[in-house]
Amino acid sequence: METFAKKRIEIVVESPLMTRVLTLLDGAGVSGYTVLPVLAGRGKDGAWHRDGVVGRTGTMVMIFTIVDASKVDEVIEPLFKLVSRQIGIVTVSAVDVLRPEQF
Amino acid sequence: MSVVELAATNLLSPMVLFFVLGLVATWARSDLNIPEAVAKGMSLYLMLAIGFKGGASVAAYGVDGQLVLSIIAGLLLSALIPIVAFQILLRVTSLPRVDAAAIAAHYGSISIVTFLAAIQVLDTAGIRYEGFMVATAAAMEVPAIIVALWLAKSGSITADSNGALGSGANVGVEVGSRLDAETLREVALNGSIVILVGSFVIGAITGQAGLKSIAPFIVDPFKGVLCLFLLDMGLIAGRGLRESRKYLTLPLVLFGLYMPLIGAVLGLAAAKLCGLSVGGMALFITLGASASYIAVPAALRLALPEARPSIYVPMSLGITFPFNLTLGIPLYISLATLFAR
Amino acid sequence: MSVVELAATNLLSPMVLFFVLGLVATWARSDLNIPEAVAKGMSLYLMLAIGFKGGASVAAYGVDGQLVLSIIAGLLLSALIPIVAFQILLRVTSLPRVDAAAIAAHYGSISIVTFLAAIQVLDTAGIRYEGFMVATAAAMEVPAIIVALWLAKSGSITADSNGALGSGANVGVEVGSRLDAETLREVALNGSIVILVGSFVIGAITGQAGLKSIAPFIVDPFKGVLCLFLLDMGLIAGRGLRESRKYLTLPLVLFGLYMPLIGAVLGLAAAKLCGLSVGGMALFITLGASASYIAVPAALRLALPEARPSIYVPMSLGITFPFNLTLGIPLYISLATLFAR
Amino acid sequence: METFAKKRIEIVVESPLMTRVLTLLDGAGVSGYTVLPVLAGRGKDGAWHRDGVVGRTGTMVMIFTIVDASKVDEVIEPLFKLVSRQIGIVTVSAVDVLRPEQF
Amino acid sequence: MSVVELAATNLLSPMVLFFVLGLVATWARSDLNIPEAVAKGMSLYLMLAIGFKGGASVAAYGVDGQLVLSIIAGLLLSALIPIVAFQILLRVTSLPRVDAAAIAAHYGSISIVTFLAAIQVLDTAGIRYEGFMVATAAAMEVPAIIVALWLAKSGSITADSNGALGSGANVGVEVGSRLDAETLREVALNGSIVILVGSFVIGAITGQAGLKSIAPFIVDPFKGVLCLFLLDMGLIAGRGLRESRKYLTLPLVLFGLYMPLIGAVLGLAAAKLCGLSVGGMALFITLGASASYIAVPAALRLALPEARPSIYVPMSLGITFPFNLTLGIPLYISLATLFAR
Amino acid sequence: METFAKKRIEIVVESPLMTRVLTLLDGAGVSGYTVLPVLAGRGKDGAWHRDGVVGRTGTMVMIFTIVDASKVDEVIEPLFKLVSRQIGIVTVSAVDVLRPEQF
């Protein structure tokens, strides 16, 4: 089957910020996104180590959205601005999809 | 009962012992843990129960000006404490102003579990209290956050003219600029306030008949659920402490121990002004002394992301909460007894 | 009690008020939410409890032809209602036939929570009912789905010869072709039917002795758990309504309000034929009036994926369920009282 | 360490369809798969937005399977046929593995 | 009551019937399932409750040498049973020694749910037992693991010199080498031991007053919660059996049925030596007969990864547990009655 | 926006081993990791099929860490040694990040 190259933007971010990130994605006109729960993690803020969900604030979520390569910059710039002040990371990777018009 | 007797009874209550079990388990690095969904379910249950019982009690004894007075006093107290706390922190620590403001917010706001624990001790000791104190508790959650954000903002200006203060955290250009209407709405309507106040109102509407119909759910098993919940609190507090040891300097640890006492005294004054009963006074003091570790951290992550949760969460949850649960509450009840009438 | 009194009492019961709290919380966009695992746990608890109690009651009062009669009446009712609903929907809306059939399936099937709520109101009003109505409820879950799939299939043929109807949804070539044996098994043995019927059988086997041994778990806290569960239902119904506003045209909203009444009348007739008591009649009417929002959507996603859940779920959960819970149940009980004997 | 190129097929699909997808993967002879829970999502059916788990039917799962490139078409064609009528998406991306014989 | 009566009563108790419902549901491939968080929550609840009650009973009746004696007997029993089991397995099956050792570990350790079920039957039959048996149960969790790892290690050497034995599993060079201090700590301080022993100690400290204060939570609904929990156990056992059918040869199935009887006899001897009451003896026998399926598998995945969980888990959970729950417990109580005094 | 190529190491492993893997990652000096819960899975050990969480031991977690390409071997070798004796898989894939110094 023919597939088409797209980009997958992935964001791991502290839970309180989830709604903000999703609103941003809505605003940036992505075709959709998926949010996965996160069990544990560690980063430069070190505090969220292992069961380190201190008082539940420390939980994280992982959000990913599949977009056309041409849209990546548009999405990633405001996203990065938002997330860089918070606890979280952003990555981009390549994926292939079957129905290009869907994304 | 003397304060010593009260403290001894409290320390040997199942409630406190289960909390200690949680601490011990973490300390021994056991993998004991309570699923987040279960902990969340228990927390909803506890707030529903306490709200409903408060409302039903108001329905039974009627409402008068005291309810309104006590809510206003609560709002003011919650706004005042952070200012005091902030000034102290600036003097005794070298924390950036954002962190100081963030910590201050926690002490102005309240811990509903500490409140619950105090109610249990009052119940056991047979001391009555005003049902509307639940509403006062809810009212005290938010003002502290707003005041603290304002403190942080003023801090940001200072930080600009005084770079040295900014070291240790990225005290930024935009600090304090994020308390928009949306964030305020989120904070004021956070789940715990809504279920607490909602259940309070439902309790007030359905009264004793309503309470009776669901008492086997919200009254009888309450204390047992609280024990299991406190086990989880012990586990979380213990883990938080271990993770954050390195951030907790001695001045901060001490602050976590004497600040509740300052809050207690301010709470006592407020309660006195409102003319509450001994039980009501004890609860007001407890509210003044207790520090938030759920609503405030969540709000600050949105509104003050520069402040470091690795400092403010363990202070509130790892130091002040255990102190209040074990020694604080008996002390506050004794205080109330002493100053009553 | 007059219908108005009954309605007033019902509207001010903790049960309904907690549901309303859920709606209000969503409307105010609070982040209050109940973990899915806890909601699922409560739902299992409620079904286990109601099934067991039904079975124990059958054990106490004995079984006769009425049980069988009532199950057969339930099966027929569940198969009949979708046909009526489908014809109405085709006339009053311009929905594709798949969507009409899908909605029809929901109204033929039942909502176990509505049933639970009706039982609570009967209990409070001191009206007795037949324990085997639980079995009737279980029997009514599935036939509606099969009939509706058959309706959708017939619709598919029509749609082919009449392309215009197909607009708005991909009414496809294979519509209705997916009710294979596997799907039927999944639907007939879905978790809620199994725990309901299983607990009913266990209750019937162990009888009053068994009931007594676990009554502190399944009887005493039941009402309170139902309140917390209805809070969650309010939250979900509110959110569903908000998401799906744009799909709910006026004819659909009205259908969501009068269709339960039509189902109620059919349920009344069935109950009358079976010669049930007032309470049993009220429950049969409620079953006829109630609409599924768990078992049927799950089945339709497998067997009729072209039908849009964004229409059928909020109709059942956001319109019909609240209507039944608040006004419907008192009305149905009054109806039963009126037509009894 | 030497690694070997494989493909990762990822499917986000509504929960009621999970068993069907897994049976399909079993039938297609993949060496294994992993299913992750999904917290929230939005797509063209828009209905599953944020907490949008209306009546719990709306929950999704994410399934991924690592297969040899030569197997992708074989797996993806029936998969796409199944998922395209439902609420869900399918993507393919490149991964490296250590033990090629395992997949 | 005769053993037959006891067995009949037990088989028709809600507890066993809910377990059977779970098995039936899996067998019919229903999608009925209980969220993991809820199951975990119930399991914590059950252990907290049983631990606390045991402790409170010790507080009421006092402690004497019997407690210590019984714990020592438990430790020895837990270490002895795996050796017996291992020797049998080597003779009757062609399993690699790692797998034999792994299975042996399960039978030396205990199943707390089997223990709970036995207590329920004793309670129903009005037979008293020593509260400290909870501590004995906790003590029996770990020794079996250590002994089995030592057996596996000795096995590894054998396997090296006898390649044929290694077929069917990668019996490796390093087998048994992984019981480092860290693993031992993890095993000895696993969550269930900590909550069981911790609650036991808290119960012993707070005594009957503490018990009374939380009895509506830990005593009254206990039996009902156990029923729901056993439904989940039935579901899991059924699924495990289906998945692992192919691994369970006839010799293994038979072992799963006669090994508990051997453990029971050894438990009887130990109980006799300690001079326990009828109830205490019945519980000791049950502990000897029961096999672990939580703590041991988790430990073995770390310390003996070569052993196959697809064999040892279904043997313990799918064969021995159902056997003990249904027929075993009545038999063990009869045994205790027979040999008492 | 400029992005920088990194590697994403992903490990699906049985839950009892999680702590071991995280300690290993800590020791290998990665800048962080994220742990996701897993709902179900199937592999060569076949036993963890679907609801196949026999007695809860069978649950899995998924751990991923984003590292510099130069670090992959260092991380993956001890990791592979640990995981290969257990139930689990390891994969490596390419991702782009915004702040290279973060990883």
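Labels for the chains are A, B, C, D, E and F, by order of writing; each one numbers its residues from 1.
Note that a contact is a pair of C-beta atoms (placed from the backbone, for glycine too) under 8 Å apart; a residue touches a chain by one contact, two chains touch by 3 or more.
The structure presented is a predicted model; accordingly, all values stated were derived computationally and were not measured.
Q: Please report the minimal path length, in steps, between chain C and chain D on the chain touch graph.
A: Each step joins two touching chains, and the minimum needed here is 1.
Q: What is the set of chains touching both chain A and chain E?
A: Chains that touch both chain A and chain E, as defined above, are B, F.
Q: When chain A meets its copy chain D, do both sides use mostly the same residue numbers (more than half shared) or mostly different ones?
A: Here the answer is different, because the shared fraction of interface numbers falls below one half.
Q: Centre to centre, using CA atoms, which chain is the farthest one from chain A?
A: E
Q: Approximately how many whole Å separate the CA-defined centres of chain B and chain D?
A: Taking the average C-alpha coordinate of chain B and of chain D, the gap between them is 45 Å.
Q: Indicate the whole-number Å distance between the mean C-alpha point of chain B and the mean C-alpha point of chain F.
A: The mean C-alpha positions of chain B and chain F differ by 38 Å.
Q: Using mean CA coordinates as chain centres, what's the gap between chain E and chain F in Å?
A: Here the centre of chain F sits 33 Å away from the centre of chain E.
Q: Of all residues in chain E, which are in touch with two or more distinct other chains?
A: In chain E, 33, 35-38, 40-41, 186, 216, 220-221 touch at least two other chains.
Q: Can you pull out the residues of chain A that are in contact with at least two other chains?
A: 19, 36-37, 93-94
Q: Which two-chain combinations touch?
A: The list of touching pairs comes to A-B, A-D, A-F, B-C, B-E, C-D, C-E, D-F, E-F.
Q: For the complex, which residues does chain F have touching chain A?
A: Residues 1, 3, 6, 8, 19, 22, 26, 31-37, 61, 66, 93-99, 102 of chain F touch chain A in their complex.
Q: Give every residue of chain D touching chain C within the complex, in rising order.
A: Touch list, chain D to chain C: 14, 16-17, 19-20, 45-47, 49, 51-59, 85-87.
Q: State the interface residues of chain B toward chain E in the complex, per the touch definition above.
A: That would be residues 12-14, 17-18, 21, 24-25, 28-38, 41, 124, 216, 220-225, 227-228, 231 of chain B.
Q: If we count contacts the way the header does, which residues on chain B are in touch with chain C in the complex?
A: Residues 35-38, 40-41, 44-45, 48, 52, 185-186, 189-191, 194-195, 198-199, 202, 205-206, 210, 213-218, 220-221 of chain B touch chain C in their complex.
Q: Touching residues of chain E toward chain F in the complex: what are they?
A: 33, 36, 39-40, 172, 186, 236, 239-240, 243-244, 293-294, 297-299, 301-302, 305-306, 308-310, 313-314, 316-317
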